[in-house]
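Lettered A, B, C, D and E in written order, each chain numbered from 1.
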Amino acid sequence: MATLTLDNVRKNYGQTEVIHGVSIDVTDGEFIVIVGPSGCGKSTLLRMVAGLETITSGDVRIGPDRVNDREPMDRNIAMVFQNYALYPHMSVYDNMAYGLKIAGTPRDEIAARVATAARMLQLEPYLQRRPRELSGGQRQRVAMGRAIVRKPAVFLFDEPLSNLDAKLRVQMRLEIKALQRDLGVTSLYVTHDQVEAMTLADRMIVMNAGVAEQIGAPLEVYADPATTFVAGFIGSPPMNFLPGGSLGLNAPTAGIRPEQLRRAEGDDVRLSATVRYAEALGAESLVHMVTDEGTQICLRQDGRAAPPSLGERLSLAFDPSDLCLFDEGGTRLRRI
Amino acid sequence: MATLTLDNVRKNYGQTEVIHGVSIDVTDGEFIVIVGPSGCGKSTLLRMVAGLETITSGDVRIGPDRVNDREPMDRNIAMVFQNYALYPHMSVYDNMAYGLKIAGTPRDEIAARVATAARMLQLEPYLQRRPRELSGGQRQRVAMGRAIVRKPAVFLFDEPLSNLDAKLRVQMRLEIKALQRDLGVTSLYVTHDQVEAMTLADRMIVMNAGVAEQIGAPLEVYADPATTFVAGFIGSPPMNFLPGGSLGLNAPTAGIRPEQLRRAEGDDVRLSATVRYAEALGAESLVHMVTDEGTQICLRQDGRAAPPSLGERLSLAFDPSDLCLFDEGGTRLRRI
Amino acid sequence: ATDIQWWHAFSGRLGELLEAQVADFNESQSDYRVIATHKGNYSEALNAGIAAFRAGQQPHLLQVFEVGTATMMGARGAIKPVFEVMEESGLPFDESAYLPAVTGYYTTVDGQMLSFPYNSSTPVMYVNLDKLAEAGIDADVDLTTWSQVDEVLTQLRDAGVSCPFTTSWQSWVHLETLSARHDQPFATQENGFAGFDTELVFNGPVQVAHIEMLGEWARDGRFTYAGRRNEAGANFRAGECAIFTESSAGYAGVKAEADFDFDIRPLPYWDNVEGAPLNTIIGGASVWVMAGKSDDEYRGVAAFLNYLSSPEVQAQWHQDTGYLPITQAAYDLTREQGFYDENPGTEVAVEQMTAQEPTGNSKGLRLGSFDQIRTIIDEELEGVWAGNKTAQQALDTAVERGNPLLRRFEQANR
Amino acid sequence: MEKRVTFKGWKLPLLLLAPQIIVTAIFFFWPAGQAIWQSLFIPDPFGLSMQYVGLGNFEYLLQDRYYRAAFVTTAIFSISVTVVTMVVALLLAVMADRLIKGSGTYRTLLIWPYAVAPAVAGVLWMFMFNTRVGVVTWYLGQMGYSWNHVLNQNEAMTLVVIASAWGRISYNFLFFLAGLQAIPRSVIEAAAIDGARFWTRFRTIVLPLLSPVTFFLLVVNIIYAFFETFGVIHTITGGGPQQATTTLVYKVYADGFVGQDLGSSAAQSVILLVLVAILTVIQFKYIERKVHY
Amino acid sequence: MVEKRGLGHWMTHAGLILGVLVICFPIWLAFVASTVSQPEIVRPPMPLLPGDRLIENYSKALFSGVNAPVWLMLFNSGVMALGITFGKIVISLLSAFAIVYFRFPGRKLFFWLIFLTLMLPVEVRIVPTYEVIAGLGLLNSYTGLILPLVASATATFLFRQFFLTVPDELAEAARVDGAGPMRFFFDILLPMSRTNIAALFVILFIYGWNQYLWPLLITTDPSMNTVVMGIRQMFPSGDDIADWPVIMATSILAMLPPVMVVILMQNLFVRGLVESDK
């Protein structure tokens, strides 16, 4: 267990810079999620920490030590890969024991540590199976187990859940969270799924095109996005963006989340829009509309309220304090 | 465009019956979604309609004609497959034109119809590409286009969106819905995703182990599930089930949806439970708890309300009229 | 005991007889052990020997058919002349005891024996008397000339005999021997005896006419072609074919297998060609001693060759196989034993060989790369039998294709 | 295509490569060099002396009508073997693929000839078509056809083609069957729903989708026909009649080991080396860029 | 299933059975010929059902043969085939590993040096190769039979193709687990290649067993003959009739080991072939 520090880390492939200087101090036991769209450089960043990619400039420190030039095995990390990268010809037991064997750990201790991990992960019945005889969720657990037994200073996860189906993904993310909390190991977790990021992270790094656009706790990022990119990427359906002018505001763009819109009762009308379609999801309904200026917006309403019919014109209200204002470049304008 | 009738359709593989008699009358232009867990027989049912599986007993009628013994090409249907099943060696244009060419449609008309479909689906820039040069969403559109150009009596969809990522899935399901509404073609759509079913269906068939447990409009099914299976399957997180006895009710099982639970204010307490963990998703939070009897339940609350902390004991209230009561077999007990 | 390796090309009946000789020799003494190995047909055995020499693994003795003679003679450093081997061994060796008609082929200009004429043959004609009878033809019918044969074949065919005529070794019998027997040159420079700068000329009118006739037979069903070597022997011995031109050594097999009456006749000739018939020419093979072995081994070789030349062994071999006797003593012994009287036709070969004084055209052939040239001739003749080519075309092409090989041989042996 | 992660260092990989490099150098590059060197000389058969002739051997070869003919023969032979093999194998594979069950049984029954050495295959077919004892020859005779591949060039070619193709059918069958089974069922079903019946589907969907397999088989079959059929030709026809079945490789052997014309044989080796090297490069470029559907 | 019912189904079976019959006929005939007597064969038509000389013909072939007894030739073939198989597999695994998993100076050069040999069988360079072997004094030796045939890139190429399909993450996981290159090779790559090794075993065993020209040239000593070339040597030089029953018995014996290998290992073989993308 250790702290992890990235200090202005950059990565070039030939002429192209794909990571434009990322810095963060991760405290001991913290769970950091790197989230962003495909190709933004999440994996590259993680792999630099792992030692699988060279670091072009900047420093990576694990605990007090600068590890830039260390081999992966000498960094005291463990990594869980997207496709799990289980050794297909080894039993679950051997998959977990492999790193310990190489390290020359005594047999008894290997057995003990694997047993502990297997118990934690409910893998005991499967220890003698081969990976291909396991379901996706079980494989995922084995990959976790392989990381756990080594008692590393840092866990690295690269989209470890994206090969699972929706139900399993929900379940596994709860398990990962619980496990990390129990073990208290500093973790770096890559995903492109904002729900995963929201539910797992102590803090998250929202990345876009090689730049860390915002670093912060999930609800903080949700409530207080630093850029339009973050506001649009975190939250589903995304934040509605309106031209500030149409609301009489002195800002190019104003954002409001779908649940912060409501149907106006009385004369607090701030916006009118025409219903394009409504999705009734049971507990809630999403109403998709176009404003008179032609902007698409979405309203989230309670499932019990009757959804409006297509073509209906709605009057909408919101609390001005909920608005987020952005400049032309998409950066947040903070009211001081 | 035509009606579609299934009349007590059954399917056996050898000794095992996998479809236990499904009947439904689909009116012209209606959008029917078949939803259910993996292996429940959704695809089998659809493929019987398509003519890709023999029908063990019962009748399938398209319009007035019994089609049981017709080859797929003689049924006047079009189908969109889960993996799209595009012809990898043909351009997008040829993929769409293939069926028409075989039917001997004049070249001009083929060109015109493909052009129309391409316009509708925004595929015009890609007509000369091969499928492998397209993104997942574009491929999905080509599969749709291939179905559209043939102007069939019935559209069949077998999980057409499950290979797409979450964002795209949401977008495509809106497009499919809009398209079907515009074209007005009778459609049968298979999915295991209840959200998809809810948002797309005019009526849905909830299947479980080869049996159609409930047929009805989405909100009707959501609000008024016929069995515990349906109640658990439709809605996420699923309905909470409590032993009727613990609530002093004369029924083995009582169900209440997470959004119908609320934190008790005052003395309307009906239930107490301890918080296991809370997931803050931004717009809403899910609070997972265990009741004193040891049943796991879930409460959905507004994202703005502060989520309770772990281990906190909550008092919960609900409106008794929201309860759904079920017998031992899981069938709904209706209050008459 | 010192092992003496002998690579040969005999299988079947001849192989058994050869093995018997080897066994007999090995039993007769204990210093040397001859190990005979079958190396495939004549060409294959020759090639195996050459390849082995290049690899430094040559046997002591190599059986080389007459066609390979020039090649072996050209390879001075690869062989050890027999006369040298015999001289060094100190064993009695009198070259004059050998039949000149036979050994002449294998000696230097000044009469020194280069290789040991183990099995020499000459083409003769075998006749299935039962088939003649079947066609109502008199067993004594005169078959001296090809015109007479032509008529008899017609009768046989008309009587429904499926295979009136066949031959083995087509080039040897119907071009090489034919040329010699009619005093026609096969190649310039006395068929190669006078130098390496020789050219093929076997596309003369006599040869063309003869091949033309065979081609006609092939097309009208009088001649059944079975293969380039002695494949046809099987057809004849099985009683399918009436007339068969083949080496005198075919006798061993025919005698062993034929369950019909047969007759051996001299090889026919064209009586309209001036000077015909001359002698037929030699075939079969001789045994070469390869270079690069120890003196002791050569003494063993000499002992073995000495054993092979003894009159008893030679006479027995001649009588069993139909190969020519190589010493006067063996010839005489055979006559004394009354073999020729008991087996009519067996002397035909010797008589044929020795009847006339050979001319420059009938001494034999000594051409480099002759095995390949034979292959070319075989190919072209097959074209005639298949009806793809006229005799003239075929022979012209063969000459045209063969000459470059002679040039290359000349170049390689400069 | 390259791996993302690699291990560091250069001594270990060179050590790992050493055995292959050494064997290749001694038994491939050294002989190949020898061939090039020897092609400039006419040695005598026993290797006792040699005459430098420059490109004389090549000139001699190119003037040789039969050498030029060997190119044509090789082409006809290879194409025929390839076509016969692939057509029969595809036909069988299509049938086996149509079965729901049992394709494994047929596979087991059809796989045999693959294991049979070309030379042995030659012996078997020669036995069946032997002009004297061949069963097939005899029955053909009964039907009024007199088979004689010893004299008839076309029959000889036909026989070596069939005997060569025979053993390869199994191998091709395996690949075609695997290729067919790899075509997603749903694509076939989509075509059926689009209205295509069996033959239309076969022509417009199945064949095009098999094309990577087909191309691969095409290459290996041609290579096979070029080089590995020596045994068949040697046992059945020995290159005859009239060199009608003498392929380039057979001629290298025939001139080198039968004809003892080492200069010409070496020159032929050089020509073949160049030819095959070109083929290798082409094939390699293709494999690297192979289209995967 | 589209159009898979009824008559067509039986026609398919009929077609396949016909195919099997035609394809297997030569082998059947050879078997029949190996169980009858010489006279039954040389007087056509020979029978199409087995006779009663099986034991006689086979024991004649096995224990007397023509130049060498067939059991000895089978043994030689076995040694050669296994030698080629193991030799090739071992050196190819090592070199493919080096080429795929390392970046070192000269890699491209070695790559091409090796892969130039991909399609150049020994037949092409037969004369000089013979001379090299002769020069090394390896005629009539197992080493001479085996080594030159080991010098080809096919196996290396196959392993390279397979290694390229092994997910990068596996090597990364091994690195993170602390495995060095050779550990990775032995612990991960080798066991994972089992199917491919099995497939190659089949291919190479057959390749080695079926060699014809090479043994024909370099085994001048009959006791070193292999069975495939031995059969051809059994044909008489022309003069007499081939001993067909014994030749056919030998043919059957010669095809038995490779056929067994293929049939017994067919599943692994097919899987390996298809997975490794040829």
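As a convention for this text, a residue touches a chain if its C-beta (ideal position, glycine included) is under 8 Å from a C-beta of that chain, and two chains touch if they have at least 3 such contacts.
Note that this is a predicted model, so its numbers are computed, not measured.
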Exercise. When every step has to jump to a touching chain, what is the lowest number of steps that links chain C to chain E?
Worked result: 1
Exercise. Which chains, if any, touch chain C and chain D both?
Worked result: E
Exercise. Given the two chain pairs B-D and D-E, which is bridged by the higher number of C-beta pairs in contact?
Worked result: D-E
Exercise. Among the chains, which has its CA centre at the largest distance from chain B's?
Worked result: C
Seminar exercise, completed: Taking each chain's centre as the mean of its CA atoms, chain D sits from chain E at a distance in Å of 15
Seminar exercise, completed: Separation of the C-alpha centres, chain A versus chain D, in whole Å, is 56
Exercise. Roughly how far is chain A from chain B, going centre to centre by Cα mean, in whole Å?
Worked result: 28
Exercise. In angstrom, rounded to a whole number, how far apart do the mean CA points of chain A and chain C lie?
Worked result: 94
Problem set entry | Residues of chain E whose C-beta touches two or more other chains | 1-3, 42, 131, 172, 175, 217
Exercise. Of all the residues in chain C, which ones touch at least 2 other chains?
Worked result: 51, 54, 227, 234
Exercise. Out of chain D, which residues touch more than one other chain, so two or more?
Worked result: 5, 132, 189, 192, 197, 257
Exercise. What residues on chain D touch chain C, complex-wise?
Worked result: 42-51, 53, 60, 63-66, 131-132, 150-153, 240-243, 257-261, 263-264
Exercise. Which residues of chain D touch chain B in their complex?
Worked result: 184, 186-187, 189-197, 200, 204-205, 208-209, 211, 293
Exercise. Where on chain C is chain E touching in the complex?
Worked result: 9-14, 37-42, 44, 48, 51-52, 54-57, 168, 227, 229-231, 233-234, 238, 250, 253
For this session: Report the residues of chain E in contact with chain D in the complex, numbered from low to high.
Result: 1-4, 8-9, 12-13, 15-16, 19-20, 23-24, 26-27, 29-30, 33, 41-42, 44-46, 48, 90-92, 94-95, 97-107, 110, 113-121, 123-129, 131-132, 147-148, 150-153, 156, 163-164, 168, 171-172, 175, 180-182, 184, 206, 209-213, 217, 228-229, 231-232, 244, 247-248, 251, 254-255, 258-259, 261-263, 266, 270, 273-274, 278
Seminar exercise, completed: In the complex, chain D touches chain E at residues 1, 3-10, 12-14, 16-17, 19-21, 23-24, 26-35, 38, 88, 91-92, 95-96, 98-100, 102, 106-121, 123-125, 127-128, 132-135, 137-139, 166, 169-170, 174-175, 178, 182, 188-189, 192, 197-198, 216, 220, 223, 227-228, 230-231, 234-235, 249, 252-253, 256-257, 262, 265-266, 269, 272-273, 276-277, 279-280, 283-284
